[in-house]
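Quick notes on the structure that follows.
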Amino acid sequence: MKKLFFLLVMLTNGMLIYAQSPWEKDFTKPEATEIDEPKPKIVTPGTNGAPPSDAIVLFNGENLDSWIMSKDNSSCRWTLKDGSMTIKSGAGDIQTRQKFGDCQLHLEFKIPVNAKNSANRNNAGNSGVFLQERYEVQIFNSYQNETPLYANGQMGSIYKQVIPMANAASKTGEWNTFDIYYTQPQFRSNGTVEKPAYVTLVHNGVLVLNHFEIQGSIEYIGIPYYKPHGKAAIRLQEHGSEISFRNIWIREL
Amino acid sequence: MKKLFFLLVMLTNGMLIYAQSPWEKDFTKPEATEIDEPKPKIVTPGTNGAPPSDAIVLFNGENLDSWIMSKDNSSCRWTLKDGSMTIKSGAGDIQTRQKFGDCQLHLEFKIPVNAKNSANRNNAGNSGVFLQERYEVQIFNSYQNETPLYANGQMGSIYKQVIPMANAASKTGEWNTFDIYYTQPQFRSNGTVEKPAYVTLVHNGVLVLNHFEIQGSIEYIGIPYYKPHGKAAIRLQEHGSEISFRNIWIREL
Amino acid sequence: MKKLFFLLVMLTNGMLIYAQSPWEKDFTKPEATEIDEPKPKIVTPGTNGAPPSDAIVLFNGENLDSWIMSKDNSSCRWTLKDGSMTIKSGAGDIQTRQKFGDCQLHLEFKIPVNAKNSANRNNAGNSGVFLQERYEVQIFNSYQNETPLYANGQMGSIYKQVIPMANAASKTGEWNTFDIYYTQPQFRSNGTVEKPAYVTLVHNGVLVLNHFEIQGSIEYIGIPYYKPHGKAAIRLQEHGSEISFRNIWIREL
Amino acid sequence: MKKLFFLLVMLTNGMLIYAQSPWEKDFTKPEATEIDEPKPKIVTPGTNGAPPSDAIVLFNGENLDSWIMSKDNSSCRWTLKDGSMTIKSGAGDIQTRQKFGDCQLHLEFKIPVNAKNSANRNNAGNSGVFLQERYEVQIFNSYQNETPLYANGQMGSIYKQVIPMANAASKTGEWNTFDIYYTQPQFRSNGTVEKPAYVTLVHNGVLVLNHFEIQGSIEYIGIPYYKPHGKAAIRLQEHGSEISFRNIWIREL
């Protein structure tokens, strides 16, 4: 039923825009290249770090209601304190209740000061933002490259798929921002990928990934590959390090 | 000579990364998908609106030295006042002295309050940011759609090529920000386009163009098409309206 | 009306194939990747050089009825003799009455023996097959490279756009075959190219162009570019040389 | 060493073609779009079904020397009789000794008359041509659709990936030809696909696949996916049916 509606909208829209074939137009007139409709929707921008008017707020410092534990869908057991949400070591990953497709995601995070001296390399500020539960934008202490790690595992990488164009990491103890522009993959009826996922990442105001073609689900061992899926949650990884998060919002595109 | 050097670097780099064919690797070991080099360059992010450490500042409120008049390369004659640079009606377009290719460009602009009541539609806050002197990100008073104009000519459109995904325009008299992520086109030896230009635009923190494929030089009348070019300036359009600019910086990618 | 019908067919088809999202299927069963419909249409292949059952015969040696003069749409005035159609020098180009889009085109042609000794380079077997009246597959005496010409102007080139992968030219006085697989370009409503045209060319049984991306209309001088068009004729060029054609047929795809 | 040589050739070639940037050329002169080198290599076409001069003959009716059993690399044990090579039921698949990448492949095959009445659907002329040992162009009795099977498993399909554009199958007992134009996939260093494989298939002179994007290795059950590989053999499948082959040749591209 939904599909029927969708295609009828396409139909109407198609007739609107393609009422005239491009080769039948008179391109000596400026009107030939003017498109009146649809007017873009009005979005009131946020001021002073507030989210735009059409954003879904996922965390604003007051409660953890938008999040659940990934392993069993129970209530989020990470720590809420001083307006931030902090990983509880051993508690496991969390994810949004809501599922998303194409989106603009904003979040802020802080790696604890002691992370940089950790004897355990995996504790050196290790976390990650899993888009649609499977494509990881890596969080790791990479400030001044003080924690040696392979370059495609640094903060701002798509883990084991690409080296970010710049290392714009904040010091441990200071806040980072991620602004993520994400396009979900599309699948054929036989389960193969028709169009891969893409991600653009602006880290602390610095472009570090520009329309990167995601190569499949993140794999610690082995070759990334795609499995078909629909809309899915934003997942935050718990990997032993007590990273804090704040000001998380998302816009559906 | 430069090309020789460039290709020799590719050669070395190629041998480094492709020392082993992917089908000769043991993908049961995590090391198979770790890449150690090159470490991404360290960029110190700006705080409180300041540019990142590797940005070229094009305008910081103090002088107009980075800009020249487009028509004759003479000194920029727009108005410098109160830390902003304002269009002088009739003076003509300006452009950067320096030429750029792929880039991240930040700029802020303000449409004057009286623009919205202009009897002359072209005076309703009309200006534009021409990437590489030819691909226009449109500036126009579009707040709440109070100035009726075709949708692919609104603020945040690539003029006459695409409707922005949202109208995030500030009120006249208030500042807007554009964060632009731009990839330049590539041309074949016979002058045709090998790869088109792409642009992502974040307007006031709202994604309005996501990796849009630019279709050629902006044309008021006729079909956009590409003509080969190399690096080129950022041009700001004078179109009668006294728009102000501030805090302009660019990062070469 | 036609468009309406087309989209309703898409609608039906879409519901059929996408009745189930790929992520809802059980891919442990072989049925998950079996598609029953639509059965491909039955085409009876030709034997001994005859065209397949669904081909439109454009020339079979008996008459010139499918062709008209390009300049004025008058009856074809090339020479019909001994089952072949031969260029009349000075008469001008000819083209099919019917217009075509995506197609498979077969034709055979023979460059006269004296062409190779022509003092006039342009008379050295110069002709061409213009797909959709604008994209030229070049005909020229290139046997053993005996007529020196730039490589992207040899027989089997897309004129001034690409060098064929092989020179499979027959001797002057002997027949050549071209088997052409062509995909027409698609245009946006503002007249720009959405998808370029592609051509695969098998010359005398030898693959010489494999899904080559056509870069625009053929230009002797200047940069090729696209102008929007719909279905269009197959044009054969008259360029002074008395080339003969036979066994021309086309399948609409 | 090979790589070094390869890149040095690129270097030379690069300097030749890109000696001048396209925007530095004078496109008002016809010379600007003429490319003199490299001259395409001369290939003498075959006459009367003979292979072109640069083809590697894989089977010409005289011996089975180019083929080995896929399971153990032992000598080919299919039946050589009357100038054709016929599947021995139960013997297993065969493949070429030599490995190939991009190629043009010609082969002819005949499904036995009794195949169409087989009670066992899998015996109804079931075989296949595996490009690079993994991407199957399907052979099956599909004449007049007399053996019902899912459409993406018919003769000329890429098995379980695509329905051919036409059913051009010959009657059982009569010869078919396949002319295959194949581009191999390319892989990244982390094992993911950089560029997929493509195939064009002309069946009995009728285009049935036009630059189809292969979606991964053929799977009877499950989702096709890619695993990295280099050059690989042409494999012919034994699936119980006694199909005959003749006149097999290949050109490396």
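Order as written gives the chain letters A, B, C and D; numbering starts at 1 within each chain.
Operating definition for what follows: contacts are C-beta pairs under 8 Å (C-beta built on N, C-alpha and C of every residue); 3 or more make two chains touch, one makes a residue touch a chain.
For clarity, every value in this text was computed on a predicted model and none was experimentally measured.
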Chain labels contacting chain A and also chain C: B, D
Longest centre-to-centre distance from chain D, chain (CA-based): B
Pair exhibiting more inter-chain C-beta contacts, B-C or A-B: A-B
Computed distance of Cα centres, chain C from chain B, in Å: 41
Chain A and chain B, separation of their C-alpha mean positions in angstrom: 23
Per-residue multi-chain contacts in chain D, two or more chains: 27, 32-33, 35, 160, 188, 190-191, 222-223, 227-228
Topology of the chain contact graph, where touching chains are joined (line, ring, star, complete, other): complete
Chain A - residues contacting chain C, complex: 3-4, 7-8, 10-11, 14-15, 17-18, 20-23, 25, 27, 32-33, 35, 187-191, 227-230
In the complex with chain A, residue positions of chain D that touch it: 160-161, 188, 190-193, 215-216, 222-228
Touch list for chain C against partner chain D, complex: 27-30, 32-46, 52, 54, 104, 144-145, 150-154, 156, 160, 163-168, 170, 179, 181, 183, 198, 200, 202-208, 210-211, 219-223, 251, 253
